[in-house]
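What follows is a short report on a single structure.
Every chain is named by a letter (A, B, C and D) in the order it is written, and numbering of its residues begins at 1.
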Amino acid sequence: MDAALFYFFAAVAVVAAVVVVSQRNPIYSAFALVVTLCSLAAIFGLLGSPFIAAVQVIVYAGAIMVLFLFVLMLLNVRREVDRPGGRDRILAGVGLALVTLLVLQAGTVLLGSRRAPAADFDASTTEMAKILFSPVFLYAFEATAILILAALVGAVVLAKKEL
Amino acid sequence: MTLSPLAQEALVATLTILLVVGTLLGLFSVMTWVERRTLAFMQFRLGPNRAGPFGILQPIADGIKLFFKEEVMPAAADKWAFLAAPVVAVTTALLATAVIPYGPPFTLGRWSVLPEWLRGRTLQIQIADLEVGLLWIFAIAALGVYGVVLAGWAANNKYSLLGGLRSSAQMFSYELALTLSWIGLIMAAGSFRIDDIVAAQAGWFVRWNAIAQFPAFLVYFVAATAEVARIPFDLPEGETEIVAGFHTEYSSMRFALVQMAEYINMITVSVLAANLFLGGWHSGIPWVPETLGGFPLGFVWWGAKVAFVLFVFIWLRGTLPRFRYDQLMHFGWKVLIPVAGVWVMGYSVWIVLGSR
Amino acid sequence: MDHASFVNHAVLLSLILFSIGTLGVFLRRNAITVLMCVELMLNGVNLAFVAFSRQWGTLDGQVLVFFVMVVAAAEASVGLAIIIALHRHKDTLDLDAFDLMKG
Amino acid sequence: MIDDPLLKVLPFAVLLMPLAGFVVLALFGDWIRRDKEETGAGILACVTVLVSFGLAAWTTVRLYGLVAGPSRLRFSQPYLGFEWMEAGGFRVPFSLLVDPLSCVMMLVVTGVGALIHVYSLGYMAHDEERVPYFSYLNLFTFFMLLLVLGGNLPLMFVGWEGVGLCSYLLIGFWYRKQSASAAGLKAFVVNRVGDVGLILGMAFMFHALGTLDLVDIADNAGSLAPEALGELGPATIACLLLFLGATGKSAQIPLHVWLPDAMEGPTPVSALIHAATMVTAGVYMVARLGPLYHVSETAMTTVAVVGAATALMAATIALVQTDIKRVLAYSTVSQLGYMFLACGVGAFGVGIFHLYTHAFFKALLFLGSGSVIHALSGEQDLRRMGGLWRRIPWTFGTFVVGALAIAGIPPLAGFFSKDEILLAAIGRPVLFGLGLFTALLTSFYMARLVFLAFFGSFRGGREAEHHVHESPWVMLFPLVLLAIGSAVAGFVRIPRVVAPVLRLEEHGVHHVAWLPVVATLTAVAGILVAYYLYQAVPGLRARLAPALRPALRLFEAKYHWDDVYDGFVRRVVVGGSEKVLWTRFDAGLIDGAVNGIGALTAALARTLRPVQTGLVRHYALLVLAGAVALLGWVFWS
């Protein structure tokens, strides 16, 4: 059952990801990305991480992508202009080659290190909180708070016409 | 007939889903009528009273009317997005209801009408009992924005677009306050699971979060009102400014779907208010028995609370004027969120001090 | 039944998503789409983290996912703000239009 | 080891109060300065130092209660809990040392310091730059306290350099005046020469004893073999180098030249830094390291000889100075020489004793002279004063107390300490003679100063005479207190108090009955001579002058020290810099290297510039290529 769901969501994620990249209309890309993100959230859930799954939807789908959509609507972007040119084609070719190389390399490594899932695995929110607020990650966690604040202020400063 | 345990589970789950969704859809129709009648009484009018006794069949009449109306789609609209938006809205609205418990757990009697394996079984009307229940609701509420945004954008109409932008801005502004108001409850119960939060409110009614965490309740109620875009926060559809907001271009059954999503959201927040803040299915007085002749009284208390909250929403609509948009944003960001934040901080200090 | 036997395939999926995102980063000219592709790459990484976390039975990977999300949120907000500023400046989102080293 | 919880904290409080004052004034100075009339900055500075004094007194009382018992003690070393430096066996903790010696110093610094802060309220009332002034003063107090409380030499050195910095800042406080900023620079540069000695001395010390901790030094010094006169052992080298530092800070031959010039600073600064506290740091250090100095006969002799020579030389220069503050400055140099003389003959406690009494009466004299200058609206020339005692009676009264104290008239403070120094030197006839003669000169030039300034008729012109006014009470109040101090301070037997710190056995004090009488008579004689020359028979001076012309000319030229230094610096240092260091080394080598690197970079940049297309996607591609390459490298290797 779980495996079937996994392959279903994996397929959805991949298809949606392809749409993200291939669509010329950024709004469609954005919605496709939302679909990818939600499928990934489902996969996270299937991998036994409900907290991360929820946070994935809340943060990515709920906050970040809404921000993207907002900007798209604000700037009223419709379609990417076609501009046939050799430069783009060369770039695409080189990029494709490099990505293929990357996939080959990483794929070999990853397939070489197959590993069965751990037997005891508890990713409940309580366990997450315990590790997140342990001295190992606590300071990093607090630092992210500062980071978010800085990003907030920075975004306001950058995007505002006049302060 | 005997079924394998897995099949039993599946059957119960399917029945629960059908029950919940069916009830919600039914309640939606009833609510449109109740709202119109109540408002009419408040305004010394009669309201719809023609179709059936007291006009109770009015929703059916409305449904038939909408069903037979012509569907209009703007020529410049983005077809797929335009069609998908109401579906997304209703889907997210229904998804959010999945983790909410409707009423107390109850034990079926050994009635002979039931198949053998169901007799004496303890059930609860809840589709999924997730450990991260409240987070789930938060996540789905976050997704709810998409229906609105999509609808606003797809119609290719400036009123729709502005309405969509306004709605989504309003929704995620107030979502923050809404969520912050839950943090105190989560800390008190030590769990995201809604059943646990309800359980934490058992006993005397002073333990209800509406009283024990009054500021949080206030924030929740205000934010929830804004979240479902009810008066006084119904700017997205402020007809004096932007016609009907994001659903300006919708008609016929698609309009009905949009309406349905809004009403389901309202019911959801009311149920959540009853569950999270008003003690759920607990009577608030310890010596009141839990069952009466095998019937769990919790359903009565719980239903009364939900009905009360729904009534308050309608009552507000009959009483308050609409906010201006800048006031709305100002209120959300500079009043509600700070209040909720201070409450969370104060409450956590209280917990730490209390645990010493 | 081992109910997470697909973990290895999750790692592969993460690789696929990452590659698609990477491709998008240079195939697309629209700045916002590029940013979205970056998010896609990050998500591929996140999936890998979760899968490894599941494989090893530790939560460190999940905590890292959490941090990645926070950083992604910060990155998206600042990135979009920059895009708005750029759009105001040149009235286009075409990345190739922004090739000057100074204002 | 005294282990008292309170003593672990109190010294830090003493130390940090003035620092807090400084920080507040430095950070919020502009805000305080905004209101022109208020003296908030000054009051804040005063309060911090007064509180510091109170805490110092508390510390002292506490310590006294604890040490009353056994005589052999290791004293408390409050420790802030962190190492300041640590490298191998070299370890410098941030620790303070509380013992009777540092208590005496601490009380002098905060007590006299507080009075001078209060005095400054009046003296600097009309200065535009009050806020920086008071912040420097607070900073100085902090560093001075660090110097006297520091539990090891490096920490002491921090204070040492800090007071040097504040001294520089305050001498050049009126920086718009060319001479003032020049004097500040001079003080700074001359002190650097001494500091070189101090640092080298510390290094040698560590080499010889393996520790820089003051208590450990005192404990371990006894294990070193005594080094006879002329023998150049480790202790001798360390002591001589450290003494070079002391001569810089305490204005001894040959590095004394900066102190008289330092009188360009505001008078309270002269009183605090250049009379009562900072310049005595050298004496304090030598006394603190007394057990080490004891090991080296050479060092002891050097200290004694330099001290005596400085005392005599400065006293003779003081005879002919016409600037009221310069007289006092040379007097300070002379008295510091006295202290070193005491140290040099082994009576370190007596040196500290004189330091302590000197702080009172010299601060009093400087503040009194400040009051006189204030009364005359800035006039410092003795030749333009006279007859002031009627017009500024309080200043006059307190000034006379101070003058008598420094002259050594019993029972004022100076008598006791000077008597003890002479007593300690009695075994060395030459040094004793020099000391006695200097005492005569001291009483003579102080009497001359008093007669010129306060008696006779006013010589400053009719216009100026009208403006003469007594100073406000905030200035007189410290004068009175210091006068009382100068009168009674001698009754505290400092040598006995600090003896346990110095590891000195209570040697049987053989009183020499005739010495007090002789000393007193010497002082009286000096006063009488001055009376005849400057008051009773003024014409006598003119008749005596031709006979003494060569000597007087030498005195007026200050023994040509400045000329010699000037010549040396101008020829060797400036000339060498211009001809070799500047044209060859700096312009040729360093500039060439810098320009060459710049040109190289520019050329490289020109070749590499096309790589920077400015297109984001190209960069992204490169990043990806890098990632692939890196992964490949990891994978294939």
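Quick note on the criterion: a contact is a pair of C-beta atoms (placed from the backbone, for glycine too) under 8 Å apart; a residue touches a chain by one contact, two chains touch by 3 or more.
If you're wondering where the values come from, they're calculated on a predicted model, not measured in any experiment.
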Greatest separation from chain B - chain, by CA centre: D
Approximate Å spacing (C-alpha centroids) for the pair chain C, chain D: 66
Length of the line joining the C-alpha centres of chain B and chain D, rounded to whole Å: 80
Rounded Å distance, chain A centre to chain B centre (Cα mean): 29
Centre-of-Cα separation between chain C and chain A, whole angstrom: 5
Touching two or more other chains - residues of chain D: 617, 621, 624
Junction residues of chain C, two or more chains touched: 22, 26, 29
Chain B: positions in contact with at least two other chains: none
Chain contact topology (line, ring, star, complete or other): other
Pairs of chains satisfying the touch condition: A-B, A-C, A-D, C-D
Chain A contact footprint on chain B (complex, rising order): 78, 81, 130-132, 135-136, 138-143, 145-146, 149-150, 152-153, 161, 164-165, 168-169, 172, 175, 192
For the chain A and chain B complex, residues of the former touching the latter: 27, 31, 34, 38, 41, 50-51, 53-55, 57-58, 61-63, 66, 69-70, 73-74, 124-125
Chain A residues touching chain C - in the complex, by the definition given at the top: 2-3, 6-7, 10, 13-14, 17-18, 20-21, 26, 29-30, 33, 36-37, 40, 43-44, 46-49, 51-52, 55-56, 59-60, 63-64, 67-68, 71-72, 74-75, 77, 80-81, 83, 88, 91-92, 95-96, 99, 102-103, 106-107, 110-111, 114-121, 123, 127-128, 131-132, 137, 140-141, 144, 147-148, 150-152, 154-159, 161
Residues of chain C that touch chain D when the two form their complex: 22, 25-26, 29, 34, 95-96, 98-101
Complex contacts: residues of chain D adjacent to chain C: 612-617, 620-621, 624
